[in-house]
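Structure record follows, encoded as structure tokens.
Labels A, B and C are assigned to the chains in the order they are written; within every chain, residues are numbered from 1.
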């Protein structure tokens, strides 16, 4: 298949790049680069280290024991092919080519023993270190890519908040009320014309309850204003509340004769059903 | 991708899509979710079913002009507001004092409030408190002009966490605090008079 | 505001707050929801309970680097993608390798990245990752040109569902070439890259 395509290409494409006198179709088979796909493969490598790794992996050799001669040769063939199609990319590849050639030449020479421990230094050591680090990062990159990613593999939940529906109301605490009352009393003391009475709030509460009960009802029998379930204390407070309401002229209490039913009526004329149309 | 078999499976996908949607989802859009084609009645049943599932939660499924979406129930707004850093709005001093007078002296007319405060009460203050549902008119005084009498409501107690009016801070204690403040003031004129009572009141 | 009595009531408020949150909610933030103060064990119970409630749904409650958040399960993404007009772009190998180097070797300069990759790093790659909020400049190396030092952000952890950098996939110890050749082959032949993460997540 590859050869067929290559042959066809050769037929219609007279300026196919040539390497060492041979057309691209004759590239080493282990590179597996169909000539028509060369540009795609050029882009497929992320750089000289990536290409080197590919060549090492393809040859299935130990990265710690790189056969420099064949690797360098393959690499140069590739760079040559690349140089002819994509000059821009070539600089880094050429730098690597120079490094490979340098390592290869040093391998041919006897290795000088290291000064400290006498162990001979392998000229490939630095290259291997870089290759291993790059390979580690390359694998890590693909592992990171496999992690589920927000907006790609899952979505954040963010439900609409109906902000505009509920108006934010001021919060009032008991402390606020205390402070407000305190400042009022201060003013009252300064003006000294308003006497602040001390009294039980529970009486006030019953007063309001009775007023609400009388609302819109006209005369109500006195006994009906008392809730016997409230207990003795409740009854006493209710009674005090009615007296206070009468004193403040908020209710009218009537009794036609002694021992007759006592009626209580709101002093508010609008509460008199008889007066309402 | 997981396989959908039961109606429940479809509902879960629908719920998920609606929970992450950035805007109301028209039915036509939701239909893209499934390979299977359902008629509008089936869709309606599915959506109604989902809405019922959320009936007692802080979020509800609603149908708007532009489609379906999940949104918070206004009753839960108060809690969500606590997560915002902005400070809650506050009532004016006039509103707070008016509220305090109504709470401690109910039933009172506007005239009573003005007597105690020594200044006119803006109708807006009473309207605000009435709109909040904290005060209402419980009657009218049998006097010239038949002034309305204001009292606090059950909602006022609920909102302030009180079971009855008698749980309001007793006035006697407030007065004691004030006496203390005045004594302190006499002793040390430099003391900040606003600070002291507030602190003492908190301890009370 | 509604009153909370039963643990269920508190859970509903908590659920609502987490459903509407625009970002992961730290526990300290969630604590603002309630007047009542609960100890951390109670909070943990409440959150675990809520997480269990959502066990068989399309959405799950997860704890990330910066807090708690509801997110969809990857198994459901296939359905959600049907509602999207465009698929999210996959990052180029250059971008992914740059990201991996920053993640595992941070803080690193652009020069460090170029040393490891053996090629120049396009400024666009760094810009893309910065725009995503996944990396930022944490300082400058005290060297000629004072190069910027990059590190990954909390958002990077959050978006990848990690609670800390230590949860990143461990680096492969490359010793024997055979094993690695297999691994590399698998990665290169990874025909359906969208399927893999879902499967991996299911196993996790």
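As a convention for this text, contacts are C-beta pairs under 8 Å (C-beta built on N, C-alpha and C of every residue); 3 or more make two chains touch, one makes a residue touch a chain.
These figures come from a predicted structure and were not determined experimentally.
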Using only protein Cα atoms, the chain sitting most centrally is A
Greatest Cα-centre separation from chain B belongs to chain C
Expressed in whole Å, how far the mean CA point of chain B lies from that of chain C is 37
Here the gap between chain A and chain B, centre to centre from mean Cα coordinates and rounded to Å, is 29
The distance between the C-alpha centres of chain A and chain C, rounded to whole Å, is 9
By the touch definition above, chain A meets two or more other chains at residues 155-161
Expected list for chain C, residues touching two or more other chains, is 19-21, 59, 70, 72-73, 76, 80
The chain C residues in contact with chain B across the complex are 1-2, 12-13, 15-17, 19-21, 25, 29, 32-34, 56-59, 70, 72-73, 75-76, 78-80, 82-83
Per the touch rule, the chain C residues reaching chain A in their complex are 19-22, 59, 69-74, 76-77, 80, 88, 90-91, 93-94, 96-97, 99-101, 103-105, 115-120, 158-162, 168-169, 171-172, 174, 176-178, 180-181, 183-184, 187, 190, 193-194, 196-198, 200-201
Given the complex, residues on chain A that touch chain B span 155-163, 165-166, 168-189, 191, 194, 196, 198, 200-202, 204-205, 207-208, 211-212, 214-215, 249-250, 266-271
Within the complex, chain C is touched by chain A residues 46-50, 53, 56-57, 60-64, 92, 96, 130, 132-161
